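Worksheet for the structure shown next.
Letters A, B, C and D name the chains as they come in the text, with residue numbers starting at 1 for each one.
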Amino acid sequence: MTKLNKFNKLAIVAGISFAGLVSQAFADPMCGMNTGEAATGTPIIVGGIHGNAAPGDFSASTDAAKAYFDCVNANGGINGRPVDYRVENDQWNPELAAQAAAKLVDDAGAVALVGNGSFMEMAVNAQTYVDKGIMVMASACAISECFETPNIVSTNQGPLPSNLGATQYAQEELGATNVACIGLNIPNNGPWSCNESIALMEARGGSGSMALLNPGAPDVNSALLEAIASGADTILMNLPAGLAIAVLKAAEEQDLRDGYNWIAPTPLYDLSVPAALGDYWDGAVYVNAELAPFSVNGPDAQNFIKVMDAYAHDDDPRDTFAQSGFLSATYFVKRMMEMDPADMDDRAKVSDAIRSISGYTSDLMCGPYYVGDAKFHMPNHAGYMTKIVNGGYEIVRECYEFDSAYFAPHIAIEKELGLR
Amino acid sequence: MSLEITDLSVKSDGKEVVSNITFTVNPGQIIAILGSNGAGKSELVLGIAGMLSASGGRVTVDGTDITGKSPDIVRVAGVAAVPEGHKVLTQLTVDENLRAAGSLRWSDLEANLLKTYKRFPELAARKSQLAGTLSGGQQQMVALAHALMSAPEYLIIDEMSLGLAPLIVKRLFGVVRELQNQGVGIVLIEQFTDLALSVADQAIVLRGGQSQYIGSASALLSDPNLLDEAYFGAGHQRAAL
Amino acid sequence: MGVIEVNARLFHVTPSGVAGLIFAAFAFFIVPAIVGSLWLSVFTSTACFTLAAAGVAFMYARLGMVSLTQVGLMGVGGWVMLRLNYAFGLPFEINLILAGLVTMIFGMILALPALRLRGLYLALVTLMAAGGLEIIFATFQFPNGGGGFFGVATGLTPSMERPAFAISDAAYLRYTIAVATLGFLLIELARRLTPGRAWAMIRRSEAAAMSAGVNVTRYKTIAFALSGLLAGLAGALLAGSLGLLDGGTFRASESVMIFALAVVGGARYWLGAVIAAALFRIMPAVLNNWGVDADLSYVIFGAGLLHAVITAPDGIASQLLGKLVKRIKVTAPKIVATSPSKANPDALHSTVVVDAITVQFGGVLALEAISAHLTHPISGIIGPNGAGKTTLMNVISGFVKPNSGNISVDGFDLGPLSPHQRSQWGLRRSFQKEEISEDLSVTENVRVQIDTSQMSDANKQTEVARALAFVGMSENADVLGSELNTFERRLTDIAKCIVGTPKLIMFDEPAGGLSVQETQTLGDLILGIHSYTGAHVLLIDHDVDLIARICSETLVIDFGRSIAFGSSKDVLRDPAVKAAYLGTEETL
Amino acid sequence: MTRGSIINLALYVCAMTVIVLLLGWGKPSKVLGLFFVSGLAVGSLYALGGIGLVVLYRATGVLNLANGAAGAAGAMTAWQMAQWNIWAPFTWLSCILVTLVISLAYGRFIAPRLAWREPVVKAVSTLGFALIILGLVSFIWADDPRSLSLPTDKIGVRILGLRVTVTRLIVIGTSVTFVVGIWAYLKYTAVGLQMRSLANDRNLSALIGIPILRVETIAWVLSGVIAGFTGLMFGDLIRLEPTVITFMVIPSIAAAICGRLEHLSLVLVGGLSMGVIESLLTLSPLLKGVRPVAPFVIAALVLLYYQRGNRLTFGGGN
């Protein structure tokens, strides 16, 4: 039944990773205490909610989180206590989303939610999480509620920063002066994330406009034409991969490639995209990546593959949703290990602990990860810029911070925490 | 060589409307089936034609069993039914009506068409007129023609005279006679008893889906009380439900 | 005693009703106490959809009308609820009622096309509405406490207010169940009063309903309004339970689904709506809870739907409690018609003037300047098939607007009146096919005719009883229309024509399909009608003998032309008439 | 050409010109041209979907909401074949074949059991079937960005400044061909005649010996082929996402309504007009947000216009 709705398949869905990673995937994975002994204590109940139904599968993040937790449980758990990780599916249905939260938070009594991946769940449950005083370390977020509410913190960026990154690069490197942002006509997604990029262009003496696409509409052509008609020289495709591809196909139909810069946020960073686009777009599409691209093959990236190979199903994707979920889980475990095991059943204490997370780093993420007490959280607002070249992605700019007034309060907090 | 109905029972949405009817139609014979409204006459027709499913008994044509076969099979087997109320394909022309009806004997369609138009010159004159715009009498002719296009051996006509001017009725009964003489076995379902009885050899009277009388038509015609008895049973109360 | 009569009818509780109330009580007292947080929210939304399903179900079962917008309308109710909740500090109940009313108005707007459309077309136009609403919701979203008219904010949203005594999820579930139960009672009440009778007639045939004095437009609109109200309440309650709504819940396909499920559940029974909602909300939750792959649960759901539609044509409910369902039997008061004749002397000489009526269908001239002053108490109209008899009748009863000419009774021009107005004025007619509602008892069938009159309820009862006594149907007074044979239907039809204060009664081939004896009885009956009602009787038939026996004057029509008019004896002897009526080659 | 139809034509022309002028006022004609042609491109897809629905409805009385889902299954199969580097024409064939088989399966095994139900129930039941197909398809092909492209996407011509690929021309061309071809088929062939008589009066047709099962089977095959082709085109021109293709059936119904579920030529005109109006609405700052509503509003209005005047039915519900 689900039609495209609230659907911004942001994060960096990348297909199977390549040989370079696999070859190093032999040494044992590193998890929690690394005792090699199975944990026997009373379990800690942790929940996770993902959305998986046509047309989108966001389960990769919880799959990876589960793999990591299993690995932890097999290695002494968290100070001897294993993690009982319970995952629910909201099927992109707001009622099921609310029910999933009710089941985990009330019925199961989870102390925290980790690895959530959905474009539905957060909007419905944000208030519930505040009321029940539970923290959510999400991994695959797409909508404003994910980044502008007190109890949700996400490892991934979502469309707003990623758009900024792409826009900023186009303005600095490709000479963009007028950006048209094609987004979904959904307030907490399209307009919310397009506005900041337009603001950025205006702040830098350029201009920008929005062409909004109704999720239900079959026709992307008129949105593209609208963007063109706005006199833009750069087209920012702030859309799920499927829709972005549709836009690019329409542009190919009009043979518009050379007249404009084509930039996109992370949804288009997906190893199956270049094939779907074909040769026509080779070397012409610039995509922002909010976690480290696969070619940046650091220790955490390698450990991720080892954990997945050892504890996940073979058909669980090793994409950047998964990386994001894996990161959230590692950060959660890392913080819990510093706690008194007795306090781990006390939701309030666990939440306080999570809020106190600060300065965790990983080679998968450009900036440091932190939570803090603010009413909003967006630790991840730096990234890479890539370009689609012969069937793959080539990094055209290493880690760079996105420059926007929007991040002023975040930077202030980071200063407070001594992170800069 | 005959159309044999044995213990035929017919169900229409759940309840049995015809029970254990048995009779035989021989070539060139006319059988009248009488009965007041709701006695189950039309259901019997539809049952034989394969439009309603038989809940018991069997129907055979010249020995071959056609019980519960689909209407088109029944037609091909040589039994054609003309439904009540001069029904035609209103949005098709007269010619298309006949061709549609004839399409199951594709090979000799044209031949049958010719014969039928010969029998009903009135229709030949209106080939390209929409059947919906015909008068009641003309529509009844089309309805008959539908049946004739399949060159049937046995013909079942439901309420042929209902709502038609006497002269047209006379005209149509003429056609029935012709067919009889050409050796077609005919079943006439009628309400206006004397008309049917005057042409029929055999008569059956239905009440409440059961046959109250089987026998010679002339006997019924001569003795109205007998007919009354069969029609309404003793003391005329709540006939036929 | 008439009053007691009504109450008995009104508050009689059927076995199925008892079962329903027991079920509601169980759901109200037991369920919330024993289930966890997850199932509380599942059951709450189930209760909401039960209410909505009840709306589509009764429209389908009672009027034969299909609405594929129900879930869309829920969205409207939910939108208004959220909007009110965040805009003004009104109490929950007020918001709830307002949301219901606004949606009700939406429903009535939907009814506008319904007045002309029926069957699949009606369904499709409502589907188009649902499609439109889906886009609107997807575009403008549901208010969540933000500013502006649409009130959509990004970021954290304040929670939705609930009624003071229903803050907890359990209490709120009870609240929802209570409202849903009230909704069902509302439907049942409407069904047992005037609207119910009108709906039954409309379902049978709109023409018959109109000529029984039913304002079809009005009662169709009422039906849509009621169903819209229920949808609105359901949507509002859903908003209260979730706190935030999403367009995803109110897609056009969901509207189609809830209708399909209402059919599967059994549209005629309260249980049907419950089953529909349960399949719609509880089943997916269960599958999800078992960890069944979401895609596969679609497959299971679809397969289940198909299987149920095929194997349970009257719905699962009818299989479960079909046997339980008995219709209420209320013994009609045995009243001896005090004065068999209430004819008023001046009516005896009432004159019906047919003045140069001409009707043209496309190119065809159906009636050509037909004129006649009908002065005798019982007049006949005869003519061969397709002569235009029935057309003339439709002109008189107002279904066909004549291109020229007019009809007047005792100088009163009927022209400006609509069919149901003519009926209320005192014009009655029967149809070739007797138009009796299968869903109503004989008494109710006759009662419809005078529902709109000013009489006191007691008098209406008496009137009906007397009419039934006159046609000899008293002992069948409470038999359902579906259980009558042709003759009894005819008699009921006649009772409908004579009840109350008719001025002009028209019979269209009343003897059609009747046996000799029945025709005899019918003739005598019609002969008595004039002295019983004092109304002018107009009789159309083929049966020359019948006409000759009871009509003192006769009008003969052939090919839309009046070819003879006068005393029946002379007319029927007229050779021209013989030729025309018995047919000549041209008439073939 | 009766007087009525001339009036309708005139009304239609007026309405369209007024709308185009209202929306396009003060816009450069180049822009107008762009959106106009792009609208035709979308409209032809609505029309194609509508034609498939009408052909089946006329002959069998089933409004098949599962057309889209079947087409989606076909399109996905074609994509899969392409992944296995099977010769392109075979992949297209497989799309049509799969859709045909699915539609035929319903026509032979499920539709007959519902033959005696009213049209609405027949229609909503097909939604159940659509769910089954959609569920299976999304289960088999996990969500992933995909695209389907035909060689004809690469070739194109400029019309009013908009580049139109041969694929889109094929869509419009095929729609027209279907309209003409099916008209001729119904008019001049025996089966066509049988279909028309079925559409006219199902019971009588059965009684006069028309082999219902056979005729309906042919109708299901025909509509299956059309649905398959439609699915392929949707997959190429709109998006290769099963849900999107599945629910394209709803605007397609809107197009079908414009033809009273009967006249294919009107379906074509209706579909194209919807596309154009929807696309031109982009020019209105007020309405561009809700432009996908256009087909539904138009269909509702058209339906009301058709039904004007007729008020009552004698006997029975519908």
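Brief remarks on what is shown
By our rule, a contact is a pair of C-beta atoms (placed from the backbone, for glycine too) under 8 Å apart; a residue touches a chain by one contact, two chains touch by 3 or more.
Keep in mind that this is a model prediction, so the values were computed, not measured.
The chains that touch both chain A and chain C are D.
The highest number of C-beta contact pairs joins the chains C-D.
Relative to the C-alpha centre of chain D, the farthest chain centre belongs to B.
Chain geometry summary: the mean Cα position of chain A and that of chain D are 38 Å apart. Taking each chain's centre as the average of its CA atoms, chain C and chain D sit 34 Å apart. Taking the mean of the C-alpha atoms as each chain's centre, chain A and chain B sit 76 Å apart. The centroid of the Cα atoms in chain B and the matching centroid in chain D are 43 Å apart. In chain C, the residues that reach two or more other chains under the touch definition are 135, 139, 253, 257, 295, 298. Under the contact definition stated at the top, the residues of chain D that touch 2 or more other chains are 131, 134-135, 138, 247, 251, 289-290, 292. Those residues of chain B in touch with two or more other chains do not exist in this structure. Note for the complex: chain D touches chain A at residues 31, 34-35, 38-39, 41-42, 45, 131, 134-135, 137-138, 142-147, 149, 153, 156, 162-165, 234, 238-244, 247-248, 251, 275, 278-279, 282, 288-292.
Partner chain D is touched in their complex by these residues of chain A: 1-4, 53-57, 185, 212, 214, 216-219, 221-223, 225-226, 229, 241-243, 245-246, 249, 252-255, 270, 272-273, 276-278. Per the touch definition, chain A reaches chain C in the complex via residues 1-3, 5-6, 52-54, 88-89, 91-96, 98-99, 102-103, 105-107, 120, 123-124, 126-127, 130-131, 143-145, 148-150, 185-188, 192, 214-216, 375-376. Of all residues in chain D, those touching chain C in their complex are 63, 65, 110, 113-114, 117-121, 123-125, 127-132, 134-136, 138-139, 247, 250-251, 253-254, 257, 261, 289-290, 292-293, 295-297, 299-300, 303-304, 307-308, 310-318.
The residues of chain C lying in touch with chain A in their complex are 36-38, 40-42, 45, 134-135, 138-139, 141, 152, 154-159, 169, 242-249, 251, 253-254, 257, 281, 284-285, 288-289, 294-295, 298.
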